[in-house]
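Two complexes are shown next, each including chain A; its partner changes from chain B in the first to chain C in the second.
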Partner chain A sequence: MRRHAGAIVLFGLAAVAPLATRDAYFLDMIVLILMWGAISSAWNVAGGYAGQVSLGHAAFFGLGAYSAAVLTVHWGLSPWIGLVLGMALSIVAGLIIGYLSNRLRGPYFVLATIAFAQVLLITASRWREMTMGSEGIPVPFKQGFWALGLASKVSWLYLTLGFALALYLVQVYLEVSRMGYQLAGVREDEDAAQALGIAGRRLKVIAIAMSAALTSAGGTFWAQYVGFVDPFYVFSIDLSILFALNTIIGGVGTALGPFLGSILITWLEHYLRATLSDIAPGLIGVHLIIYGCLLIVMVRFVPQGLIGALGALFTWRARAAQRERHART
Partner chain B sequence: MLALESVTKRFGGLTAVGGVSLDVDEGDLVGIIGPNGAGKTTLFNVIAGYYRPESGRVVFEGRDLTGHPPHEICRLGLTRTFQIVKPFGNLSVRDNVMIGALTRVRSVAAARTDADRVVERCGLGDYAGVVAKSLPIGLRKRLELARALATRPRLLLLDEVMAGLNPAELAAMVELIRRVHAGGVTLVVIEHIMAAIMRLTRRIVVLHHGEKIAEGVPARIARDPKVVDAYLGEEFTLE
Partner chain C sequence: MGALPQLVVSTLLLGGIYALIAVGLTLIFGIMRVVNFAHGEFLMLGMYLAFWSFSLWRLDPYVVLVVALPVFFVVGLLSYWLVMKGVIKASHNVQIFTTVGLSIALQNVALVLWTGDYRFVRPWHASEVVRLGGAALNLSQIVAFAVAVAFTGGLMAFMKFTHAGRVMRATAEDREAATLMGIDTERVYRLAWTIGIVCVGVAGVLLSPVYTVYPQAGLQFVLLAYVVVVLGGLGDMRGALFGSLIVAAVETVGAYTLGIAWKEVLYFVLFILVLVFRPAGLFGQRGAETLGM
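Our next item is the complex of A and B:
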């Protein structure tokens, strides 16, 4: 239980927040923190646990966003059906990306994922009959759970909290299960993992497909929450970078890391946007520069992310003892 | 148990292994020696499924392994170690070994028990919780062996697990290999340290330029003029 203390506090606070306040801005912030944290967790399944760093996860996010929006607009179907369709499409896309991960290593794989998202962006912005092209799709609002038309922010908060919890548990599974250990082996050294009887290639592909499907589910929720799907946003590299950024800043390959990263980055973005545009309208893009600096500082000085920094704070005594023991032997 | 039928592996114009045949019976402890570049490790890579040979077959317990991927070969009971050790650097010694054990048992708890037993048996008990990348080379070699043992092989290919060890570590490793063998694991061992391999094995195979130039009991190999010429430089005597 102790190792989940951070998560219990975090999700617990989110759960009781509506009791304390009904302030729409504040609740919106919590929904977005949970949403981006959950989607970054989905990225973490591939980028962290399987070690397959992608900068094209917006592809899956966009597939999820569009699947629901298109089915609703053209055929009046429930976004829940769109959610399932988006996940199915993303699994197929994930299998393609996964196949590439077995052909391309390191930076070449990253480039392939970027290109993949770009191809979908161009498709979505040109296929006017289906996607309304570059104008994007306003998601029609229909009241009710089945139509994902939740008027109150509180309902959205609990829906995203459920989603976030599910993603947290998926990651915990990857830390304690047979598949998780085997995946760790593949991430550390694929040749050695194969020599020990692990079907490394297949395992990586499965992890990427899982990651893709979960990211897509996040895309559907986001589009229904925000109410608008813009191809230049949902398929953008900015978004792909955001997923990676949240995770790297929070702690790659840890279940809580993406959520910690999301708290910092989501809050920072809103805060900086508001303050900077108050100072001068021309400063609006400056928050991106601040992100960049933050990323450099984190990677240089705290490569394990916020969770590593917090963990070090809590366990420095235990570690010092271990070091001492190790030095003596 | 293992039969190589004139296995040939080429890299471009270079024949790394040329028509090598070899039979290993259950319970054997076979040594493979030869100068650098003789094709020893390439031969292991062919047997373990990392390279597909241009011609010839690898047969293990009556099953043709040629073209099977490494993980299937391991699951059939044939595991290899790597000359340049490949620990899972950021994981603990216990977790390293556990990943090997999980190939045989599905339950994580059972694999942990298995791993603890193997870690203890390989003399790594004091380091079970230590991160693998912080181990010195002698212990990394032992971890390489421990991890392979956790997959419960019937045939184990050891690629220079004694290289780089100090005399005390070397003696401990020889002892450990003997115990593994006594425990019923058939072994094929690549080694450069002649004193160790002469004492350890019952049969030695000598490779040179990818070809088998001699095979026999250690005492005869040590005096074989072709082997002396190609590898030993002078007759090797065990004092």
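Our next item is the complex of A and C:
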């Protein structure tokens, strides 16, 4: 239970937040933190637990966002059906990417994932009949749970909280289950794991397909929440980088890491946007400069992320306390 | 077949420019084993250098070229010391995210300083049309091609005939053996990075009269350069030249037959196909990609 203390506090606080305030800005922030945290967790399944770093996860996010929007606009179907369709498409796409991951390593794999997302970006922005092209799709709002038209921010908060919890549990499963241990083995030394009889290749493909499907679900929720799908955003490399950024800042390969990263990054973005846009409209890019520098500094000096840094702090303090006790006796 | 001469000449011109961007990328990869995800941002900086020199002092981009060499030499050294030096021996993932971070930072420094407006550099030669056989060409494009080819040729001669070039090739082939031979690999990395940055900075200045200047301008070219470099085999300079021509041909023929809107899909599909079937490049060593080399 102690291992999950951080998560219980975080998700608990999010759950009781609507009791304390109904401030739309504040609730919106919590929804976005949970949503980006959950989607970054989905990235973490492939990038962290399976060690397959991708900079093309926006492809799956976009598939989820578009599936729901297109089905609703063209055929009036529920976004829940779009969610399932998006996940199915993403599993297929994830299997392709997973196949590539078995042929390509390191920078080659990263390049392949970028190219994959670019193909979808171009297709979405040019296939006018289906996707309305580069103008994007405004998602029609229809009241009701079945239409994912939740008018109140509080309902959205609980929906995303459920999604975030599910993602947290998926990651915890990858830490404690047989599959998780096998994946860790494949990540640390693939050849050795293969030699021990672990089906490393299949495991990687499964992890990537899982990660893809979960990212896609996040894309559907995001599109329904924001109400607009812009191809140059949902398929952008910037978005793929954001998923990785949240996870790396928080702690790669840890269940809570992506959420911690999301708290810092999402809050930083909103805070800086609000304060700097008052000073001069041109300054809105400042938060991205900070992201870039933060990324460079984190991967080099704190590769374990916030979780690692906090953990080190706690053990250091525990040790210091222990030393003090020893000194006294 | 009336369009054939135009297609051939356009392919050549485009290929020459892509080659200059790609050669720097492949040099850095070949020697440092780092894919520079910030490569396009240095191209963008080159374009802005040309833009500001032109709009503030009416300097022609070809004059700026002379200034661009020392400027990007310093930019290259600075970025090496500040960012790359510490991660030379780090894992792939650390290196990837270091250059990704550099890319985000540079792109947004440009956005904050110079806004996201589209800017144009249009000296007199940008609107000069030259007729060559059945093809009509823009004078800026021809000069850009000539300078790019001279530059790429010079770099290849440098790699082949000078001592520094030999040392760099030796390091690319076998890091450990090179260190044992008394080669200061740290200096080699610094040199490779700096030359790569100078190449792409110069390419940015050369491209400025033909393309639009804005903070994300690097992205479209750098994606293209990855395609080129993987086609030619990462780290292979001659391969990069062939790769440039292939990509340029796909682009011009694709634009001619499918229309401009879909041409990009073509080369990304080509890219993925090459990654699947010949990941070490059309001419590269088989198996390099699975070692993550």
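For this structure, a couple of remarks:
The rule we apply is simple: the second predicted complex is superposed on the first by the 316 of 329 C-alpha atoms of A that agree within 3 Å, B and C clash if a C-alpha of one lies under 4 Å from a C-alpha of the other, contacts with A are read in each partner's own complex, and residues count from 1 in each chain.
Definition applied: a contact is a pair of C-beta atoms (placed from the backbone, for glycine too) under 8 Å apart; a residue touches a chain by one contact, two chains touch by 3 or more.
Here the structure is a predicted model, which is why all the values come from computation and not from measurement.
Clash-free side-by-side placement of chain B and chain C is the outcome of superposition onto chain A.
Using C-alpha centres, the superposed arrangement gives chain A a vertex angle toward chain B and chain C of 80 degrees, stated as a multiple of 10. When the two structures are aligned on the shared chain, A:Gly197 is found in touch with chain B, with no touch to chain C. Once the two complexes are laid over each other on the shared chain, residue contacts for A:Val110 go to chain C alone; chain B is not touched. When both complexes are overlaid on chain A, the residue A:Leu100 reaches chain C alone and has no touch with chain B.
With both structures placed on the common chain, the touch criterion links A:Val176 to chain B but leaves chain C unconnected. One of chain B and chain C touches more residues of chain A, and that partner is C. After superposing both complexes on chain A, the closest C-alpha pair between chain B and chain C lies 12 Å apart. Listing the residues of chain B that touch chain A in their complex gives 48, 50, 69-71, 74-75, 79-82, 86-91, 95, 98-100, 102-103, 106-108, 111, 126-127, 129-130, 134, 147-148, 150-151.
Contact residues of chain C toward chain A in the complex are 29, 34-35, 83, 86-87, 90, 92-94, 96-98, 100-109, 111-112, 115, 219, 223, 226-227, 230, 234, 261-262, 264-265, 268-269, 271-272, 275-276, 279, 289-292. Residues 53, 55, 100, 103-108, 110-112, 114-116, 118-119, 122-123, 126, 237-238, 241, 244, 248, 282-283, 285-286, 288-289, 291-296, 299-300, 303 of chain A are the ones touching chain C in the complex.
Remark: chain A residues 176-178, 181-182, 184-185, 188-189, 191-200, 322, 326, 329 touch chain B in the complex.
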